[in-house]
Amino acid sequence: MRGNFGEHFRLSIFGESHGPGIGIVIDGIPAGTPIDEDEIARFMARRAPGRDPTATARREEDRVEILSGVLDGHACGTPVCGLIRNTGMHSGDYRSLIGRMRPGHADYAGFIKYGGFNDPRGGGHFSGRLTAPLVFAGSIARAILRERGITIGSHIERIGPVHDAPLDPVHPAPALLDRLSASTFPLIDPTVETDMRRHVEEAKAVLDSVGGCVECAAVGVPAGIGSPFFGSVESVFSTLAFSVPAVKAVEFGDGTAIADLPGSQANDSMTYSDGLVTCLTNHNGGVTGGITNGMPVLVRVTLKPTPSISRPQHTVDLNTGNDTTLEIHGRHDPCIVPRAAVVIESILAIALLELSMDDAATRPS
Amino acid sequence: MRGNFGEHFRLSIFGESHGPGIGIVIDGIPAGTPIDEDEIARFMARRAPGRDPTATARREEDRVEILSGVLDGHACGTPVCGLIRNTGMHSGDYRSLIGRMRPGHADYAGFIKYGGFNDPRGGGHFSGRLTAPLVFAGSIARAILRERGITIGSHIERIGPVHDAPLDPVHPAPALLDRLSASTFPLIDPTVETDMRRHVEEAKAVLDSVGGCVECAAVGVPAGIGSPFFGSVESVFSTLAFSVPAVKAVEFGDGTAIADLPGSQANDSMTYSDGLVTCLTNHNGGVTGGITNGMPVLVRVTLKPTPSISRPQHTVDLNTGNDTTLEIHGRHDPCIVPRAAVVIESILAIALLELSMDDAATRPS
Amino acid sequence: MRGNFGEHFRLSIFGESHGPGIGIVIDGIPAGTPIDEDEIARFMARRAPGRDPTATARREEDRVEILSGVLDGHACGTPVCGLIRNTGMHSGDYRSLIGRMRPGHADYAGFIKYGGFNDPRGGGHFSGRLTAPLVFAGSIARAILRERGITIGSHIERIGPVHDAPLDPVHPAPALLDRLSASTFPLIDPTVETDMRRHVEEAKAVLDSVGGCVECAAVGVPAGIGSPFFGSVESVFSTLAFSVPAVKAVEFGDGTAIADLPGSQANDSMTYSDGLVTCLTNHNGGVTGGITNGMPVLVRVTLKPTPSISRPQHTVDLNTGNDTTLEIHGRHDPCIVPRAAVVIESILAIALLELSMDDAATRPS
Amino acid sequence: MRGNFGEHFRLSIFGESHGPGIGIVIDGIPAGTPIDEDEIARFMARRAPGRDPTATARREEDRVEILSGVLDGHACGTPVCGLIRNTGMHSGDYRSLIGRMRPGHADYAGFIKYGGFNDPRGGGHFSGRLTAPLVFAGSIARAILRERGITIGSHIERIGPVHDAPLDPVHPAPALLDRLSASTFPLIDPTVETDMRRHVEEAKAVLDSVGGCVECAAVGVPAGIGSPFFGSVESVFSTLAFSVPAVKAVEFGDGTAIADLPGSQANDSMTYSDGLVTCLTNHNGGVTGGITNGMPVLVRVTLKPTPSISRPQHTVDLNTGNDTTLEIHGRHDPCIVPRAAVVIESILAIALLELSMDDAATRPS
């Protein structure tokens, strides 16, 4: 809980947006795991700010310095600490905000929780920037999973009202997932990009923001991973997903739409195919009873519009004890959905690796 | 993970549907907490099978025997074990199914995970019956929260296409929540009950089932509960929610619909009201940055149609290695949504108590 | 913490000495593990009260009812709850004590912690009787370890000033350990039994009690189990050992005596023997850097004299707020060391299994 | 487990002796806690190498860079990462050792556990240098405890056969503890220092090393902290103590010597003193039933002689598969007991704070 996740692939996250740095300690990487810093850098770059014309103007290298646990390109088996120095902060952007609570932000909740001692600069520990360490950890997790034949990719399922083409829930092609997971604006149907970007630009033009949804799939996941109850695939993934700032909904398979189906359709019929058990449909998103069933694992994560917007907002000023009007002048993404895709892929990788390790721990030897 | 939840209000769940009994160990109940067995029995009865004409014909007393941790009606401070003996099993109903995997069920995933050693009778540990211990734990949690001024209630937001009236996200009346939380078919607008029941009966008539959605609110929750990242209110609640069999989606506030709003609307404007900070809207469901902000906590949980249906289904037979057709003859709910309401209330209580205790642990003394 | 132990082989203990029952939930037993209830009963009998002329007159069957997780003699993979009903309580023995704090007992510490709500009858949750569930869990753990070639046994290293012959730290014979672990008064040198029993009887005759030390060994433990820091073999074992009532010291290898050696002797010289790496001595008790090194794991646990004694003792009466004199009239062991042996074996088995599972979780696949 | 400790005051340790740096993430510091970097530096200096003529010649600044969680001298409430850069490494000292296993070290156990991927330079993650982050965390913990009236101090109970005067178990003066905790060679009776140092020098002269024992006390600890079973004061402290390299025994109160007493003496008689409950003796070291009883908490920790010695040792060479003779030429402490004192104080502070926070979490509100 809090800054710690996992019992096997254990994470300890730290850092504030405008402090010296952000990072993560990962305990549980199997000794000998190759650590490919170039590959990690590629994943980090997909999330990093300042890469896309529609995204925030704050540009960060997001280079990870590995402080421990890696020698000669391989994990030692001991904890790995990855540190990302903050370099592009303009704390001046935010100083004037203290006391005036930004609507939709953690400002007020954090102020109350921490008695006013939380770091307010750039959102402090609540900043979306803290997803960078998750991508670092996820990069290592997905490299381990890939060696086991698991491929993960995601696409922008929608931005506001503009939808991408759907992912085939039964046979999402690994090659497609690989293409998506190399993109900073991952779409199954590239022709919708123009509409999506226009929608974002229109919001930006009126000093507003938009949200959306990321859909993510993992193929090649063997059946039998996860547990009933609190160690269910959904429980572990959702713990991570709801840790990502701005996430308001997590769905598996058909998600909320499954309530529109009768049981006779929602039940994925099973069949032997080439001697292997498979399903003809995948309304359950590859998970039944909290455990993978061999079908692709399908998740959808809805992100709210970026709360930092420049148009005047009605709010409170804790210093004066009065209502006030607030205009936020910073460098904000009007839409963080594209940059969130690699974050969602990363946490799905972390969840599946954690659960695989739990499975290994309890397997008869 | 697995059968354990929590760091403060700690749960250890056990049991199989047709074994000797099911139960839970709860460690962390503050010493001196009154344990009202009558009140617990009332909550247990809302979930218990055989109470409603549209629900399963299996009737269970679901009486909880408290084996430890309670003396003279008060918690001792040491672990409380609640045991519910299984009494109404007809294992004969299920014996013939072994080898033939029920679609939509955990049968296949569980078979692979446990190498065929899992108890298949009545779904074993995967049975919805295992939510009874969660209601027991939740009954204790909500009694503690109620002393702190927190009221929890839920309604059947929808069954299939039939929706209840919406809950007021800003001012859900505690009296309404109390009325809902005393009902076995909780609705804001009682006039929709006929339509909902008809929809269930129609599905039952064609040997099918239906799903739906439970919406749950907690009012009186102070601001400042929860943590960023893995201890977020959403992370902790969703871990529990996705532990409940059949849940496929968890939403906070507007949930998936928040992607339809611009930031200027999704941001809940703040204002002073009678000297207290509040919000004019509640699109965020009472949680920002993973922490409560003082507004009502609003969650929605989508449950799929009961996978146990009597109409013939296409599936595999692991014994023969061939496809087969399966007809399940048991006593199944065609819709478990009404009985799920008290389960969702229970887990919201558990999540909020757990997080309150975490807050107390780290508060300066 | 508190009533929960472990991340892989997870325990949740519950119960009070004079409540309905005591028990434990074990999550993490690999599916398919044979559960031999006869063998469990034999281990339970070694700890059970009323078996030995020098031990407590309270006689308990200590029969474990398995409530979940076992079907047809094999673990299902889901949580196993073992329940031991209390049957032989004479709460009248203790009722008169309330308010008068028994010296050396948890009475006062528990009263303060639980605000007077703790169950005082028979020591409640603090009773040595709560070690019975640990023996149940340990019986399952050691059966799993034995399949992997690990043998565990212990002896009464001393009672008061009477010492047994020492255990060979380099080559403790598995056959000797087997003989010891079948005994209710395990000694390497059976000729000291008379002296030991006389020492206990002499204490009993003067209404007093005596303590002692249990030495326990595990042979066949492969090198590489355990972790540096908080997951060290010593850390995990000592967490369990200090959970056993009356334990005041835990030692590995030479323990406190290692400070008498120069480094050149304390360092166990290594050598190849039949192509395998081994040590010529075992001052480190089979653990270096928190990790097993392939040598026998050797632990010593010192238990204080039973605090329940019948001679008058000076203490406080919380009801009157005055000092008082207390005579305890119950059925107490004047020495619990012999019955503790199987408890120490059990927790060493639990620790080694937990650590083996942790090792399996992080092993490259 | 492994590199993570705690549920409330949570630690995640990382680093290798000769890697870029070592450090720790601490989650759970109450927001607003003053963080006094000068005071931290003083504690760090007591442990730091190169300060004492009898200690290692490797000199490290051990300056902690706080990367997160602190703003304007106060804890923000979010995770604090403290990083200590390694600066004084001479990896050349150790390179030649690879393959040749140092007796008494973790070399072989670590090689097996990590499949040869562990960082062998300077002992890597197994280095005693990793206790520096524990001192950093402990410095923060003890500052919090001191505000609550708890004073912690320790002395060198013995080095080899040379003993310090004993600590008064009933009334260790806080002023004495303060004096001890400001010293790099803490002794109750300063006149034994000469003998102790001579003993170390004599060992050094013959290229050998010596061990000893640190005794540590905490006064002002309120009764009621800790839990029965796995959250006992002893369990939590010993988990930490056995994480410190070279520790082979942990004792509370009289420790192993309590087996020499009859129950009538081992039971600490209780009495009212100025209206408060206290004990006339403290054989139990301030803990009964796993819970503090208001008396001083007394622990003793035995450390083995430094395993790094320069005299020739018999061992194995994994590269050649043959026995060999090894001479270690590095800068090693012939006795690490004096530098260990502040480490033991630190972990006692961490344990007591962790348990106090657990108590706060479960206290009725």
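Quick notes on this one:
Chains: A, B, C and D, in written order; residue numbering restarts at 1 for each.
The working rule: contacts are C-beta pairs under 8 Å (C-beta built on N, C-alpha and C of every residue); 3 or more make two chains touch, one makes a residue touch a chain.
All figures in this text were calculated on a predicted structure; none of them were measured in a lab.
Taking the mean of C-alpha positions as each chain's centre, the chain lying farthest from the centre of chain A is C.
Interface chain A/chain B: over half of the residue numbers present appear on both copies, so the contact uses mostly the same residues. Interface comparison, B-D versus C-D: the higher number of contacting C-beta pairs is recorded for C-D.
In this assembly, the C-alpha centroid of chain B lies 39 Å from the C-alpha centroid of chain C. Centroids built from CA atoms put chain D at 26 Å from chain C. Here the CA centre of chain B is 45 Å from the CA centre of chain D. Chain contacts: chain B has residues 2-4, 7, 13, 28, 31-32, 77-78, 113, 115, 125, 228, 358, 364 touching two or more partner chains. Chain B contributes residues 2-4, 10, 12-16, 19-23, 25, 27-28, 31-32, 65-69, 71, 74-81, 83, 113-115, 117-119, 124-125 to its touches with chain C in the complex. Across the complex, chain A meets chain C through its residues 7-8, 28-33, 77-78, 148, 228, 356-358, 360-365. Of all the residues in chain C, the ones that touch chain D in their complex are 1-5, 7, 11, 13, 101-106, 108-110, 112-113, 115, 125-126, 130, 158-161, 203, 208-213, 222-232, 234-236, 238-243, 245, 247-256, 258-264, 266-272, 275, 277, 279-280, 283-285, 287-294, 302-309, 311, 313-316, 318, 321-323, 334, 358-359, 364.
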